[in-house]
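You will see chain A twice below: alongside chain B first, and alongside chain C after that.
After this line comes the complex of A and B, so read on.
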């Protein structure tokens, strides 16, 4: 059987879904748990073909639900296997019960998410609410904005999550369709590079008959807090590991990412967008265009939301006069009565002595593209706020107002 | 990377000269994968079953415990009764978590990441997990034919949460979700889901069997047959619950026999090779259901007509097994023939005290 990581470095034109599948192949995963739901399905279709072709030696399990997908992943990871699973939209929600048990038992399961709007009604479009609703369950989480970044994030997430100092599951997210189904050039590495970067998975306490252990026995209330504290600390400790791994990734693969934040044209900017994911690609074009016209606008893209880089967000956003949070998620009745990202941005800024004004933009909802003229419109709103020096309206549903 | 062939264990079948005999069997392994030190109730049927089944499996075994008594009462943090690896999983994850463990070992052995014989992978699910919330996950594991054994320790209720009705609770069974009262004199109105038969019918490539703690050697042999079968196996075991059934604690094994002798728990095997049921198991004697019911407080409220209904149910089970019914059992299915049964008033008083 050919090995999973055979092959020399090459550039291929693939979409985000296939990039994620390629990453799983390079990581030589042992168990794959699949269940169909659009749009992430294409990842599992690609993996099924790789297994059928003998390009990847893995147990490919067609599960009976997302709940089972995550339980299969939990069981396989607990036994010492490297696991890959994924989902979208309501599928992410169907598996909700398992998120805390998996991070609580410190199993570094990897889950690919291609976002999809939640029901009702059945909408294929992308919205980050599916994954974001699980953001406090102890999973490392971040968004890619293109297929190359998705591939890279999947490889890095295995390395980070499986690090004995971390041992946490990872949600590697990408926008449905905007990233998952748009093809672009992706550089696939040399097998030797991956071997150097990603050591084999080795959990310190797997379910092995030669070294019996009990996973997850019932606890008394007073035994709960120390375990929760350990999980919280693992999340905090992961921050140093995340930086270390990004550094090593840059050395081996030649692509350097700031693990937390991408700043685009923020030099001398007064107003900036604060956002995650694929719409940042359009934002870059819109900002370039506005900069040509002399507007002082920039982009701050959050790459990792869990663990949340509070100090970094504070430090970066404090440089500007107005921050426009592009939500692409729903936080019904939340702080801004818009999305949940607003609260994350504001909380980080609370301790700053130079707090910018913060606006929440409900844009990219239901899977609609955020087109360039919407970026211009939002910039106008931010500049009006800058001129006034105060917020008149906290949340704007883009496309519903003059 | 070369593919390594997976080696599987073959466990010997024990000599079983007499189904009902209680005697020391020197062929039993001395290993104890399930040891004392847990917090189960006195006379706990599921834990008796646990000891027998894990003993039959031996030390190269991994146990999976979905939420239920055998999770909560067995495992206390920093103190565990399992001498083999054990993992808790969610109550709805019985089949899926187990499938994950089995798939991991298939891949890890094949890819040279773990060396040794394929371990016995056993899931111990309660009847709430197996018949209700985890049904789909177990069906999925059986359908996909992972090499594992899924045991349902059937105590006919959600006992760990304080005795609530499951779809395995028998007709007439009192639980906190099916109490008797003037509007519902029989308590539970529904008949139990025929879970084991469902598993056999829906997954005919699997080894499926029923057993009872009343017949330890038969139970242990079925565990070994299920483990020796290459692929998925399902075993449904009657395990009385002293707390929920309300009986004298030393009588757990007696109940394990009476339930079979009264025809309320047919013991059979489904052979995946022959694609046929084997109904040849016969208890030492046949008895009317009242002999089983009268030992348990959960049936204390039943009227003669309810007992006759249960006798009718038992008689159907006997007929299904191809057993000719003796005249007294046919007579007992008619409420008119049931004498010395509690009156409605007396039954209400009994229900009050239990």
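After this line comes the complex of A and C, so read on.
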């Protein structure tokens, strides 16, 4: 495979979509399966340009639907290609059939998600429900909060997913518009650094007409459980690999991320927000302001939700009095009658000796921004609960209550 | 960590992520028997191709065409020889009912089967030693009276069955109608001679100049042989019952041809010759007359037009090409002349009804025509000469009385050929006589072995409907035409008119065969099965097998079978509720395997209780 002409390290001002496309280029992907849907489309536009002008030598396949995109990706990955695809909103849903087969056959396909609210009606704002609805399908999954992190996460996800101990597909998510369409400075690495970090993809059993094997044959029911167990094991084994890869990434590129959780101003905090994705950027400003006012508030941002770092979440959240989960997703009729993140947080805390009070905030829904004023309001609610020592109302619809 | 401390038992270990060895044609998808999903089972069931069915001796035509297509000429020759002693003869003279029946005729043009048969027959003629051997001698002696097509065929099959066969022939040369009824320019004498030699090579004794009723009697036959096949043919020509038919210059069709065939002809034809009759013998006579020096030959028929004539279309065409004139709707009512024929008196006439047995309506009220000729050849059929036959075995129409197996009462005498087929509604032709001789030989064998004769009860499924095949596999392709000598040169010679196929032509023509209803190992099912669950140790009819443990009954193979051999048979008979499927959960030793075992036991217990 020819190497992408990525050139020397440089800083460019690009949005999250283009950052994802740049990452695919640096990863020197072999096959790109595209189908348009806002807001992720800009990624495929950027990649199309790169292929067209010779920056990237890849098969760029325009599919007839998201289902086909994922089917193409599945097949291409089976033949040993490094594959990049992506989608948003209902597009993510339309491909649903393929999520389990791809992870079940252990094909490290990478899918970029720029979130979009699900229909109806045709709301094109951002919300995490699209990707989160697939969270238990055996894909590695996490949210970036800005373009730089998106670029870095894409590179790391390939390295993690293609590791022979893992071999799982990855969903690298970013909030639609808030990350995908807001430009910021992104440092693009030196091509040599990427080469050092990300070796070429090698599947242990690629499709090869000279050595025919069956991928995804019918099996006996009793042969299903061992395969599920192996897939679960791969998901668990990936945790060590994720940590290794983040460490190595920091060494080579100089940017260090905690693989699981970002803590912001949590020292001495009584109440914290627990959230994913781009709204954390606003949260940081709000928290900074509130800290200036003397309020003991902080931010815990989940970077990887699959595999879910249960012990780490328990350990971190147990330090505080009140946790406010900002959902940015829909979990209709769920544990909290709000979003699905609440249940993940609470389940991790259940075995803790010092369980904080947990609130669920329905905010950032339907593509609405979470403005600073709303962070102040949510903080107030958390502090009230802290004062009372108990939860009066588990879930709050932010902006719709006094 | 949920997976900590887990382990997978050895028997359930399968390769990474379920990646398994590729399914093979021999074992299918080894892991998961999906046969229990099936409601329709594909079954290979060969139908009878219409050509085989139409052939008077049921040659395995589709079979040898297929072998020719693959270049297996000797195998093809051996196959044809099972039913036909002399393909070199029928390859030239047969009126090929097979080609009329050929399904390809409904599609573009029928296969030129006769030309391929001739190709094989000539190949057989060139062999130093024939592929057919006499059977181990069984010590029994059979006389065959007559060496025409029926006698030849019966003697041939009996020799193959191990009988000591003696052919009694009244003519100086063996061959019967093959020699005496078919002109040289259709069937050269040396071709027939070679086939007669083949009979001698099989250990058959041929006694010529022996006439039954004169040189041997009925009682002699009874005494000297264990059994006898009477294949004496129709030797005496019919008359037109016209006044003056005895005048000099009046000839009869079959004797005319026979004398030329035997080399004993003393006939010198005049310039103007009329042939009476509209059948195939009449056509042969008219064309022979040209070759014997006649300048103007006119064929006079009672039939009103060529379509009514009981003649083969292509022979009629070739005759007209050679310059014979047709005169329709007239009957000869008198031969005029003073001692020697000078002219014919003709009256309008009408022929109505079936072949070989119909009244002719002559309008004697109408004004008679005078038609000047030097000779007339009367070719209006033949009749038997059965003076020697005991009365009890004679029929009203002057043929031999037999039962449905060709046997005369409960004697060991059998009869075959024209002598029994005249008036039976069957057209008289060489291949029908051959088939009759063959069947009678087998029946005779059964009787001598003490077996009872039973009519065949197995129903035959002849495939006539093109919709039962998948015609998308057959591009339209024209028939390979046999070369003919040009009419102007051939009408004066004894050279063969129709030319043989070259090897390439024979292969090309055989390649046009649809192989109607019969597996020809095209491999399509094997290739299209998506499972795959069709196995075949080698590409050959009969070796294809459906792996019913895996076949889901998707019907792809059935739909894509070009020839219509594959059929779908319902697994569940919805009327009776009987499940024919015996393969559910068949192979794996796992959970389903155990279920299968239990199901089988359950079924057996239930069967005992009932």
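Assume the second predicted complex is superposed on the first by the 397 of 402 C-alpha atoms of A that agree within 3 Å, B and C clash if a C-alpha of one lies under 4 Å from a C-alpha of the other, contacts with A are read in each partner's own complex, and residues count from 1 in each chain.
The criterion applied here is as follows: a contact is a pair of C-beta atoms (placed from the backbone, for glycine too) under 8 Å apart; a residue touches a chain by one contact, two chains touch by 3 or more.
The structure displayed is predicted, hence computed values, not measured ones.
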{"item": "Joint occupancy of chain A by chain B and chain C, clash or fit", "value": "clash"}
{"item": "Contacts of A:221 with chain B and chain C, given as first, second, both or neither", "value": "second"}
{"item": "First, second, both or neither for A:213, with chain B first and chain C second", "value": "both"}
{"item": "Greater residue coverage of chain A in the superposed arrangement, chain B or chain C", "value": "B"}
{"item": "Partner chain(s) touched by A:106 [first = chain B, second = chain C, both, neither]", "value": "second"}
{"item": "Which superposed partner A:49 touches (first chain B, second chain C, both, neither)", "value": "neither"}
{"item": "Chain B versus chain C as contact partner of A:62, first or second or both or neither", "value": "first"}
{"item": "Clash-bearing segment of chain B, relative to chain C, as chosen among 94-102, 220-228, 256-264 or 328-336", "value": "256-264"}
{"item": "Overlap of chain C and chain B interfaces on chain A (superposed complexes)", "value": "105, 212-220, 223"}
{"item": "Chain C to chain A touching residues, read off their complex", "value": "1-3, 6, 8, 12-23, 29, 31-32, 34, 588, 590-592"}
{"item": "Interface residues, chain B side, partner chain A - complex", "value": "1-3, 59-62, 64, 71-72, 75-80, 82-90, 92-93, 95-101, 103-108, 110-111, 113-114, 116, 119, 136-137, 139-140, 143-144"}
{"item": "List of chain A residues in touch with chain C within their complex", "value": "104-106, 167, 204-205, 212-223, 225-227, 229-233, 236"}
{"item": "Touching residues (chain side chain A, partner chain B) in the complex", "value": "1, 3-4, 30-31, 33, 57-59, 61-65, 67-69, 71-81, 83, 97-98, 101, 105, 200, 206-220, 223"}
